[in-house]
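Everything on this sheet refers to the single structure shown next.
Note that the chains take the letters A, B, C and D in the order they are written out, and that residue 1 is the start of every chain.
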């Protein structure tokens, strides 16, 4: 992805205030993937001291949104399926989104959240609705 | 639910820092339901000015967690299925959790997120793993 | 539902040959629910002698299809989320569909599959796409 | 996979009568994937003349079951998430299962159903429960 296009994506998503409030950033955007990341802060934790499920989901959903909006015109989340695999207790977590399929108005994106030892924390599948067919 | 039991739940979840950071509260806990709520703040919004998807999920997941942990011993989210119905643009949103089924180690909880005109924003189904059978 | 409307639904679905092949029938259609049923036959069983997962799903998906097509114009399954609760080993199983939500082109239908002692076998959520808004 | 191991899998699944009744076969089993297939017959079709959703699901679920039971001890489907992409109208359909993740008692398997021109018909994610940890 060109620096210019990445810059445009970053500017658009600067206005996503829940993402900023959650200290999540765009780490990388390639032609067919997007990575979001967060340095784990005390405000990200649940009552057991691991990264909270909503924080994990927010990181994953944002990776989906960045990828879908880099590949297609406006895309919104229609459904998501989330499977939690193990607790995340490392200093940083990332979410990597790749598109599994695109047909008509629909896209399916798999997002894998990993801790910083590369272990899978959560596997998500997002069904996006692409608002125009181009 | 007795005031004492509700107090115990509130104290446990005070340690859920992502929930506090997201300004989400327990609104009500009955024998077979739990309601969480948030007054919508600028930090809850997405780039389009509606409540962000991760915030909606976090509210719903918390309603699930409160209900499951009021009904059962420690319960963790195993999977979730999330369907977004319409954008939330009102001053307050709530999530109401009810258990659809409980069998062995598994429970299924439906959570409906509504805006403050009662319109459905999001429908979620959580599959919880109850760590002991009692 | 009038006998006439039910007759029309039955005639339409007579052409669903996988449903006929699987010996599944429409048991009942009300204003806001639909029930499909099957007398359990040897051809419905898995290698462990319980009703096979694909058969259970087919029964549930058909309850969704009957309900959605009785309430709306042509509706197709977009996604489904399926949770298996317990094995079905009784002589008959039924699937009851109720609409949780309808908004624009989307509908969400919950289907519960039960054995003939009333125990829940499977809980499904279907996201349907309604092809015209009426 | 050795011929002997494949033979053992085939013998086990010969007892899956709904699979036989639906004329579904094991096409191939590798170290990390399994493929099931069906020549499309009139009994597989829905009222619109495309392969019926329950048939597609049954093919996918069977690919999951073959893979999971080739990789692990007894594994049962806990949840499934199914996204239908396009209608299948070709003479043969296949389902290819690959494991995305395995941790403790849980495995996540992605199954892609394709028509015989290689187009994706359906994307599924199965959450399996592996009954012993080995």
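Some points to look at:
Basically, contacts are C-beta pairs under 8 Å (C-beta built on N, C-alpha and C of every residue); 3 or more make two chains touch, one makes a residue touch a chain.
All figures in this text were calculated on a predicted structure; none of them were measured in a lab.
In this assembly, C is the chain whose CA centroid lies farthest from the centroid of subunit A.
C-beta contact counts were set side by side for A-C and A-D; A-D has more.
Subunit C has its Cα centroid 34 Å from the Cα centroid of subunit A. Annotation: 28 Å between the Cα-based centres of subunit A and subunit D. Annotation for subunit A: residues 78-79, 81, 83, 106, 127 touch two or more other chains. Arrangement of the chains shown, judged by which pairs touch: all-to-all, with no pair of chains left without contact. Put simply, subunit A touches subunit D in their complex at residues 81, 83, 85-86, 100-101, 103-104, 106, 108, 110, 112, 120, 123, 125, 127. Taken in their complex, subunit B has these residues touching subunit A: 12-22, 42-47, 51-55, 57-59, 61-62, 65, 76-84.
Taken in their complex, subunit C has these residues touching subunit A: 78-79, 81, 106, 127.
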